[in-house]
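Presented sequentially are two complexes of subunit A, the first with subunit B as partner and the second with subunit C.
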Partner chain A sequence: MALWLHELRLFARQRVAAPALLLLLMLGSMSVWNGLSEIAHQRDVIERIQPQQEADISAVADFVTLDGDPGYAAYYTYHATWDDPSDLAFAALGQRDVAPYVLRVNALALEAQIHNNERYNAELALPGKFDWAFVLTYIAPLVLIVLLHDLASSEREAGRLNLLQSLASNTRTFWIRRVTLRYLLALAVIVLPFLFGAAIAGSSIGDSLAVSAMTALYLTFWTAASLLVGRLRWNSAANAGVLAASWFMIVLVLPALAHLGINAAIPVRQGVELTLAQRETVHAGWDKPKPETMAAFGELYQEWRDTPPIEGGFHWKWYYAFQHLGDVSVEDETLAYREGLEARDRWTRRVGYLLPPVALQHALHRRAETDLRAQLTYQDRIRDYHGRLREFYYPFIFNEQEFSRQDFARAPLWSR
Partner chain B sequence: MSDSSASQAPIRIDGLSLSRSGRTVLSNLSLSVEAGQAYALLGGNGAGKSTTIAALLGLLPAEGGVMEVAGIDPVEAPEAARRVIGYLPENVALYEQLDAYENIAYFLALGGARPSRAAIDEALDAAGLEADARRLRTADYSKGMRQKVAIAMALLRDVPVLLLDEPTSGLDPRATADFNALVRQLKARGTAILMVTHDLLGAADCADLIGFLAKGRIVEEVATGPNLDVMALHHRYGEAAAA
Partner chain C sequence: MSSLRLVARNEWQLMRRSRVAQIAIALLLVLAGIAAITSIAHRNANDDLRARFQAQANSEFDGQPARHPHRMVHYGHFVFRPLPPLAAFDPGVDAFTGSTIFLEGHRQNSANFGDVRQSSLLARFGQLTPAFVLQALAPLVLIFVGFGLIAREREAGTLRLLTASGASPGAILGGKALALSGVAALMLIPAGLALLWMMAAEGAGAVAAGSLLLGYATYLAVWVAAIAGVSAIASTPRAALIALLAMWAVATVLLPRVAPEAALSVDPLTTKLETDIAIQRELREIGDSHDPDDPHFEEFKTSVLQEYGVDRIEDLPFNYNGLLAMEGETLTSSLFDQYAARETAQEKRHAAIVTSFGVISPTIALNRLSITLAGTGMDGHRRFLEQAEAYRFAIVQQLNQLQAEAVTFADDSTRNSDPVAGRRVRIDPEHWHEVPDFTYRGATTGERLQAAAAPALILLFWLLVAGLFLREARNYVLGAH
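Let's look at the complex of A and B:
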């Protein structure tokens, strides 16, 4: 124990060590605070949407109940959906700052509603998010490199190496102790702000332990890389240069190249293209013969096949039928879009077998449920909810039932 | 060479051969140093003096021959050998951010020793480091002061063997005289001392034996004493170094 304290004192009095750790602690704390603030803001938005939703429905009800037209009720009533952040999302925001986490949908064609919101300011998105995962992935290795690059070379350059080796009762233990001290200090400095944030966010112990374990593994990789370079017995400046170049390649260049390669190899149509395709089908529905539209719809919903034929120019049931057929018409494209995204995600995970920063980000976002899979799951839940909404409105529309103020309260609610 | 019946000598080298980067540095080197004796190993640059020290510390693998330090083979058991060796490198580099007490406490802790403050003071007194310098960070220490700290470490460890690598290079005459006096004190305690040096006068002042190293082997070994002709020795040393 005394030796550890001696090592700690020696380490603490080094010129660069304490400032480097302090910087990491500061950035880690700021990133946690930033993540907690962002998630608090998202929770606040989600909380605020519910009373506003009630006020909005009340206003729609005032209008609709003038004549009880169910078509207007389905048309003007927007139903709120939201994707609650996990208790770990503060640490790895993932796609939560670019993908929508709140979406209000009505009973019209859905796909356009989903992908209409799939837009963000590319310039703001480019620098990425300043979350804890960012500090861990990009900054922590640099600090570890600062602490470890000259572990043996500085002793050799100072002329102390032989003296140290002559005095240490076990030179292997001596080096292990030095490396372990630096590793543990770096680990503590990056993990402590996270654990503090996790306690505030109410993260589970399992999640906290899992993230801490990922952090330990990631820092182990960079420690091993630093020691490997140190074994080449180059001078401290050369060690620092090689390690900085390795960091640049492993953390920045290779993941970016892999990203470009994956995107080129797996082309995916953008969500906006789905929106356009669906809208074209929907708009074409106005010009199609109504019996044709109703027959196609009747194939999907046989319970409404035998409703009275449409007379006159417009009927809500025809309108909602071709809205739904718009969604059906892009089912294949939607599936292909999804499969493309999932394939890219799978390949990103495979790239992680070679590039630890990619693996770390992927694992953190998965654990925090802020990744692509979480986004697609939210979209699936919206589709399911939209189906229940349509099935709630269809009896009113197809049976031409009056829609009362009480019926608004009977509409399916989004469940957390 | 110094004593054919030196199997009990704390430092014993017999027929040591060693190469570095494909170049033969030591070739059939033999010497021994008894307890309470100082052996000065002189030689030109690249003669293999510091390599001999490194080999005794077990830091370099021998290709042939036998070495023993207090009965321990440093090739077989380098860490056990180091435990009985006090080593002073040419430039004693301490941790500049620590003071003398902290340096000594740290370095000795590496070997498992935890000397008291009083014991450290006693050793520093013996080594001759002024009391008011001990609390200062060693960044401002002279070479002589750093050596005194290292000598104090050797005293505290109470090791039977001391290896000194160019101990007086860069020291002023006063500091050199202080150091030589310290060597004599250590001899009186029974320490076997092997010092490699260019300082023939200093060696003649404090060593019992002087060995000239050339081409990796001892080419001449002389005992010091009142009858030693230092100038003649200096002349031969110059020739040996040139060879």
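Let's look at the complex of A and C:
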């Protein structure tokens, strides 16, 4: 123990060591604070849209109930959906700044609605969020490099190396003690703000432990890299140079190249293609013979197959039928698009086997549920909800039943 | 002066023999080459794809069968944002904004299908582009090559030799900085070639491309001065390296992420959902076209009847429904414009805050200069949104006018009950050809230069500060005093 304390005293006397750790602690705390306030803001938005949404629906009810037309109710009522942030999201904000976490849908074709974007300032989104995951992935390795790049070389340069090694009772334990001390200090400094944030955010013990373990592993990688470079027995400046260059390649350049490669190998232009195609089917619906449309819809919804045939030029049931058929017609494209996105995500995970920063980011954002998959899960929930909405309106529309003010309150609610 | 040149030539030869410098510079040139080639290919592929989609949307619009004009209003149109030629140099926000908007009556849709939402979180690691290579990598390589310029020679004791041969501290520092500038100039070559290619093959403007290169040259000059100065002041080469790496990490990695957070916390965004609700609420306040007794539309009807000297809308020389649709569209569009103007104002406030961070990070200043000159910042995207909205309004009104003039009121009123009227309201599809295609007009060089003035001034400020710093550093060349 005395030896450890002695080692710590020596460490504290170094000129850049303590300031570097302090800087990391400061940035880690700032990022956690920023993440917490961002998540608080998102929760606040979700709360504050509720009364606005209620007022909007009540205003729609005011004119729809003038004649109680269910077609108008389904057309003009937008139902709010939202995606609550997880208790870990504060640490890794992920894609929640560019993907919507609140979205309204009505009972019309969903493909024209579900890809809608949130309003955000792209210039502000471009550099990425300043969250704890960023400080851990980008900054912590740099601090570790500062602490470890001159472990042996500085002693050699000061002419103390041989003396030190001859004085130590066991050279191996001496170096292990030195490295472990630095590693543990860096780990403590980066993990502590996170644990503090996790306590405030109410993250589960399991999440906190998992993230701490990821952090420990990630720092182990950079410690090993520093020691490996140190074994080359170059001078301190050369060590620092090689390590900083490796950092640059591993953290910035190679992930960017991997991104280029993955996006080129798995194109997902189906996104645009399927909206273009969906519009064509939806609008061709106007020109198709009505019995044909109703028969196709009846295949999907047998309970509405035997309603009276449509007379005249327009009936809401026909309108909502071809809206839904438009969605159905692009099911294959939707699936292909989704599979493309999932494949991109899968390959990112595989790139993580080679690039620790990518693995770390992938694992963190998966756990925090702020990644591409979380976006797709939210979309799945919206699809499911949209189905329930349609099925809520269908009896009114197909049975030509009056839509009353009470019925507005009976619509299925988005469940958290 | 001649001793300065001598020092520069010696240093340059030294660098040419240094393995570290060779590897670092070679690495940079290779990456710059890869970045330029992939970036140009990526831009061209994307631009072609969008042009193809645009052509498809145009022909699908023109190919629609005979229809009621109002159905065409809801069939709507898709427009795609083309990529400016210099997007191959700095794609800016392109991946972060949707590239296509669906335009229809009474609604303003978002621009969708931006790359960032279609990519894994790898997209957030940044893109390998010529701009990124020069903004982030080039200063790092300059640091590796130059951190020891003075510090190393002082440590080795060879600096005395130089002074003994008659070189003044100023000449030594200046000469070494000049040699490092040579390396910086070398790094600009791939970017310069890429820009020349964009001018020759893609029609990029020479003035914008030249200003871009000048901006990057200024930025690298700032780094050269900082590196030479720190190397003169630092006590050891290692101290110089650590200090420079810290400066680099703060200026290029940390502050660019902190600045947007500051802008957002001062001036937070509202969600599209809330904006949509607010627009709907205001619309209801102005007038509700569903309500037959609505005062606004009642007044509108009275004034139209008066103007044409008739008592009933049936007696008007055109279809009143079309005119009503035009009035409704004017109301909604004016609201959309008001809200868009508010959003634009907010984005400009954000941009001003971020630009002001350029005073503590030259990388931020350069980044703003770069996306502005390339036409790939929010300015460019906003132009697209504004032009798309103007186009939306124009074609919707053209179709509403067709409803007023080519469809009779009687047919329009009985179209759902009388099959003959229902056929008559489907007007000749030749009319769809009369609707013009969307053409996007990017900012002119003059507009872009004007918008780039603020960041350019900040960069010049940096150059001045760096020059003064270098002057001051002369006093440290020979050691602590």
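The definition used in the following text is that the second predicted complex is superposed on the first by the 405 of 416 C-alpha atoms of A that agree within 3 Å, B and C clash if a C-alpha of one lies under 4 Å from a C-alpha of the other, contacts with A are read in each partner's own complex, and residues count from 1 in each chain.
Assume contacts are C-beta pairs under 8 Å (C-beta built on N, C-alpha and C of every residue); 3 or more make two chains touch, one makes a residue touch a chain.
Note that the structure is predicted; figures quoted are calculated from it, not measured.
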- After the subunit A overlay, clash or fit between subunit B and subunit C? fit
- Task: In the overlay, answer first, second, both or neither for which of subunit B and subunit C A:Ser212 touches.
- Result: neither
- Message: Touch test for A:Ala2: subunit B only (first), subunit C only (second), both, or neither?
- Response: first
- Message: By the touch definition at the top of the document, which applies to A:Val16: first (subunit B), second (subunit C), both, or neither?
- Response: second
- Now for A:Leu164: first (subunit B), second (subunit C), both, or neither, which partner does it touch? first
- Please tell me which partner, subunit B or subunit C, touches more residues of subunit A. C
- Query: Who does A:Thr180 touch here: subunit B (first), subunit C (second), both, or neither?
  - Reply: neither
- Of the partners subunit B and subunit C, which touch A:Ser404 in the superposed model: first, second, both, neither? neither
- For subunit A as apex, the angle formed with subunit B and subunit C - C-alpha centres, to the nearest 10 degrees: 90
- After fitting on chain A, the minimum C-alpha spacing between subunit B and subunit C in angstrom comes out at 14
- Item | Contact residues of subunit A, present in both the subunit B and the subunit C interface | 15
- Where on subunit B does subunit A make contact in their complex? 54, 57, 59, 79, 82-83, 85, 87, 89-95, 97-98, 102, 105-112, 114, 150, 153
- Interface with subunit A, subunit C side, in the complex: residues 20, 24, 27, 31, 34, 38, 42, 49, 53, 56-57, 60, 64-65, 67, 71, 74-76, 78, 92-93, 96-98, 100, 102, 109-128, 132, 136-137, 140, 144, 147-148, 237-239, 241-242, 245, 249, 253-254, 256-261, 263-265, 268-277, 280-281, 284, 288, 290-291, 343, 346-347, 350-351, 354, 371, 377-378, 381, 415-417, 419, 422
- Query: Considering the complex alone, what residue numbers of subunit A touch subunit B?
  - Reply: 2-3, 6, 9-10, 13-15, 158-160, 162-171, 174
- Task: Name, in rising order, each residue of subunit A that touches subunit C in their complex.
- Result: 15-16, 27, 34, 37, 41, 45, 48-49, 52-53, 55-56, 59, 63, 66, 72, 78, 80, 94-95, 98-100, 102-104, 112, 115-130, 134, 138-139, 142, 146, 150, 154, 236-238, 240-241, 244-245, 248, 251-253, 255-260, 262-263, 268-269, 271-272, 275-276, 279-280, 283, 286-287, 312-314, 341, 344-345, 347-348, 351, 357-358, 361-362, 365, 371-372, 375
